[in-house]
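Labels A, B, C and D are assigned to the chains in the order they are written; within every chain, residues are numbered from 1.
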Amino acid sequence: MRRSIVNDPDQLVPEALEGFVLSHPARLALDAEHRFVRRAEPATGKVGLVSGGGSGHEPLHAGFVGPGMLDVAVAGAVFASPTALQVLEATKAADSGHGVVQIVKNYTGDVLNFRIAGEISGDDQVETEIVLVDDDLATDTADGGGPGRRGTAATVIVEKVCGAAAEEGQDLAAVAEVGRRAAASARTMSLALTAGTHPGDEEPQFALGDDEVELGVGIHGERAARRVPFTSADGLTDLLLDPLLEELGLERGTEVLAIVNGLGGTYPLELNLVARRLHHRLGDAGLAVGRSLVGSYVTSLDMHGVSLTLMPLDEELRRLWDAPVQTPALTW
Amino acid sequence: MRRSIVNDPDQLVPEALEGFVLSHPARLALDAEHRFVRRAEPATGKVGLVSGGGSGHEPLHAGFVGPGMLDVAVAGAVFASPTALQVLEATKAADSGHGVVQIVKNYTGDVLNFRIAGEISGDDQVETEIVLVDDDLATDTADGGGPGRRGTAATVIVEKVCGAAAEEGQDLAAVAEVGRRAAASARTMSLALTAGTHPGDEEPQFALGDDEVELGVGIHGERAARRVPFTSADGLTDLLLDPLLEELGLERGTEVLAIVNGLGGTYPLELNLVARRLHHRLGDAGLAVGRSLVGSYVTSLDMHGVSLTLMPLDEELRRLWDAPVQTPALTW
Amino acid sequence: MTDHALHDDFGRLVVTTLRESLEGAAPALGDLDRRAGDGDFGDNVRVAMKNLGRELEGGEPADYRGWVTAMSRAWLGVGGTSGPLFGMFYRDLARAAGDGEVPDLAALAEALAAGQAVVQKYGEAEVGDRTMVDALAPAVTALREAAGSGADAVHALGAAEKAAIDAAKGTAELTARRGRASYVGDSAKGVMDPGACAMALVVGALRAAAGADGGEVRADWIG
Amino acid sequence: MTDHALHDDFGRLVVTTLRESLEGAAPALGDLDRRAGDGDFGDNVRVAMKNLGRELEGGEPADYRGWVTAMSRAWLGVGGTSGPLFGMFYRDLARAAGDGEVPDLAALAEALAAGQAVVQKYGEAEVGDRTMVDALAPAVTALREAAGSGADAVHALGAAEKAAIDAAKGTAELTARRGRASYVGDSAKGVMDPGACAMALVVGALRAAAGADGGEVRADWIG
């Protein structure tokens, strides 16, 4: 069983937001009523960027608020979308008269509440564009029916490149466009050795046998379609990499941006082994890891697992990725 | 049971170092034979800084190599000191003719191997100074006998302020002096809800009852002297804070640097609750959290627990803490 | 004031009547969602009504539009599926009258139709999918017909209420294809859809509010 | 060459003889550490000898100092407690002769004493604490005495070896106060200290190497 460091589980999110913002007093401010975190010094003269979603994925999204990335991050309860009203207020707070791009992971509740908030924000004369992140290859259905691919770790890429484009002075349509382009070309595969445990619960969200790996998990503790045998770090990496490479069909010489993402309970030594295998494999395939990020950025509580995200880089995406950023979870 | 993402457990450290450096090709270089990570572009014209110790504490130490912090980080096996020869080579690599400060967590093996490497490095005409970090209040023995207090999360502070002092151009004695001053004034208390699990093992290093908390743990899975009842996030924070405040005896109006440190398996929401309580409590005591760091910086594999470090700030320490730093795990 | 006109206090009465009726029905609605959904609808209703209280804290709205807008914001602050959908529904219902005005019956009927359209736009549910749309669609049809045939407001809205209640009862025979209830499939058979029931209470509140004294909304048919 | 002088090949023979004897004794040494320590000493010996092989890969050292320095670096690359202590010990032993030279017996005796001093400086163990110092200290005393009384190298070193072996055997009656063995307390009684045994093999290798043909070091008394 896993016990949590928590007071009242119902107050976890507002209390955690309070603690988070108290820890970054110069950089961040909190709207406690609508549960969003914004820059202490709101940016002006640029397209605003708002993102958000259920909690339990930290440092996503509040950890990415700051110059070069988000203006506002709005938080729902653990694994539950923020309400339309929260998103509305967060969207208004992100606006400085140049419109707001809403970056939304593709889940029914998130999409509904963000779309509606975008619609309503027009009442307050805020122009909005939605960028949907749907990078999870495990939920790719051939027929295109259903809710589509889920949004996972590529969210970090989309928030980063949109943030840089906005900071460069690009207009609403252009910022949204580059975000959509990044989202469309990035794919992610994830696996778990142990599910996460909800704060207040005693048992993980699902149980696996000692020899099983859940391949194709999302970030909400959903079970995946496939369970495969447990294997070495290299073997686990290949389980993620093979379908990604097949899907992306990258030509030799292509440079990619890679994210080796811990799902919460994975320690750095483990992630570094995955990164090592990734470099070896891509090198063998004549591909280059042009840029990479290795760490726990888009988590699922304390899930012990890892996701791998690949996106081919072009000059524009590389420039936007490299642009300066100053947020609690990402700074360069 | 916890399974690890690992290939051959005996090769975990060298493989992880390889993956880590591959992920930071522009910033870091690896000496694979002696298992140390150094800046890709070695600094010149300043005092060198080397640290290191057993692995399993990531991002410590290799995550802190870069401008404003360490020059070289040398890695032993999981929870085992690097050898004197590794430290020797690492120390020589950190030297650019202005001497080297060795930052060492206070454990018998580390101290022995670093002291001896410092002695031997004189053969190669490298002047060295050792700064011992011994902040763990739980191992404070009144009589001063025995091995003394262990070194834990204050290592980050010592590496940061020494790094800044070296970058400022301070000389060997001065850099060591400010590090010793930081180490002497910082204290840490730690607790665990679940011990970490060695890569390759199936069971955590110790077992706790559902209602027990291990108070005063170190970072090697040692059992602590006290087991106390499990309680809320606020209550757990108080268990750490009360003895720290009693020991430090800070006057009202004092500004402190605080580190809320996850021990590996603690997720950000949990750490934020601890940070929140810390701010409330210090505020009530008339103290100010002048600077803080909340995250998993000095870990014990996937131990689920948290440590709290407090150090009173003066003008010099604040300046050195605020100085620019550019490392994989800490950048501002 | 013609038969088609609604009295000055209409907005306030719609909202206060509905609030009372939803608060009373919350346990029964929650129970339906527990039997054929994910069980949170009762809580969602309660959160909405708490939000409504907060919206009204700053003082009573000045007009119909203000009252119904408060209800809209209350639901937009709920989350889940029903929250934003009811929120959008009330937003369109609020548009039946301009600032400082009271809607007439025709405008109310059109606003109700607009509300149905927006729910269907965002929720993508058709009639028969076992959602709030199932109660709303026949109410819109009935109201338009009655209003067109010259019935007075109370009677026209009474016809709409009856259509909504009948349809809500009929959802017990439907298989859900939208929302959380769609995961439980046929095992929901025999259980009414809670969102449809709640929507019938909305229409009932419109009917009750149209009478000068506000009247009451019966919810005993829910459970 | 006087009786006190050591032959030109002394450095090479010390190291190669010792290597063979330590490799042979590693299982027995490991066993002692398992019974009265943390069990890793056998592995540590093996790692040291593997390191030695790597040190020698680039070609044979040119002189005594080079040979013994290779042994020093081999142990410095081991870690734990015995690694750095043996490493420092050999570093001082290597200083018995300058570049290109062979030590004489007096210089060797003083170097052995310096090795004891450095082990005690860093390890902080006294005689009687059940460590390698227990074998080293009487060997130093015996060697100094024999060298002072004019004995030839082989006999002087033979006396030192005997003193070291006797003392190593005697550690079975001591309670550890340093190193990992200190945690097992009196339950180590009757088990010799593995570091002391290894140190006696070192002195034995010095004795054997002093004979022109290198000779052998007996380790059968260890187990």
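The rule is simple: contacts are C-beta pairs under 8 Å (C-beta built on N, C-alpha and C of every residue); 3 or more make two chains touch, one makes a residue touch a chain.
Each chain and its UniProt protein: A, B = Dihydroxyacetone kinase subunit DhaK; C, D = Dihydroxyacetone kinase.
As the structure is a computational prediction, the values presented were derived from the model and not from experiment.
Common neighbours of subunit A and subunit D (Dihydroxyacetone kinase), listed by label, are B.
Ranked by separation of Cα centres from subunit A, the top chain is D. Chain centres here are Cα averages; for subunit C (Dihydroxyacetone kinase) and subunit D (Dihydroxyacetone kinase) they lie 91 Å apart.
Subunit B and subunit C (Dihydroxyacetone kinase) have Cα centroids separated by 59 Å.
Remark: subunit B and subunit D (Dihydroxyacetone kinase) have CA centroids separated by 36 Å (rounded to whole angstrom).
Annotation for subunit C (Dihydroxyacetone kinase): no residues touch 2 or more other chains. If you sketch which chains touch which, the chains link end to end in a single open path, with no loop closing it. The list of touching chain pairs reads A-B, A-C, B-D. Within the complex formed with subunit A, the subunit C (Dihydroxyacetone kinase) residues making contact are 51, 73, 76-81, 83-85, 87-88, 91, 122-123.
On subunit B, the positions that touch subunit A within their shared complex are 1-7, 12-13, 15-20, 22-23, 55-56, 58-59, 63, 193-194, 199, 210, 230, 232-234, 236, 260, 264-277, 279, 289, 292, 294, 299, 301-302, 304, 306, 326, 331-332.
In the complex of the two chains, the subunit B residues touching subunit D (Dihydroxyacetone kinase) come out as 76-77, 80-86, 88, 108-109, 112-113, 115-117, 119-120.
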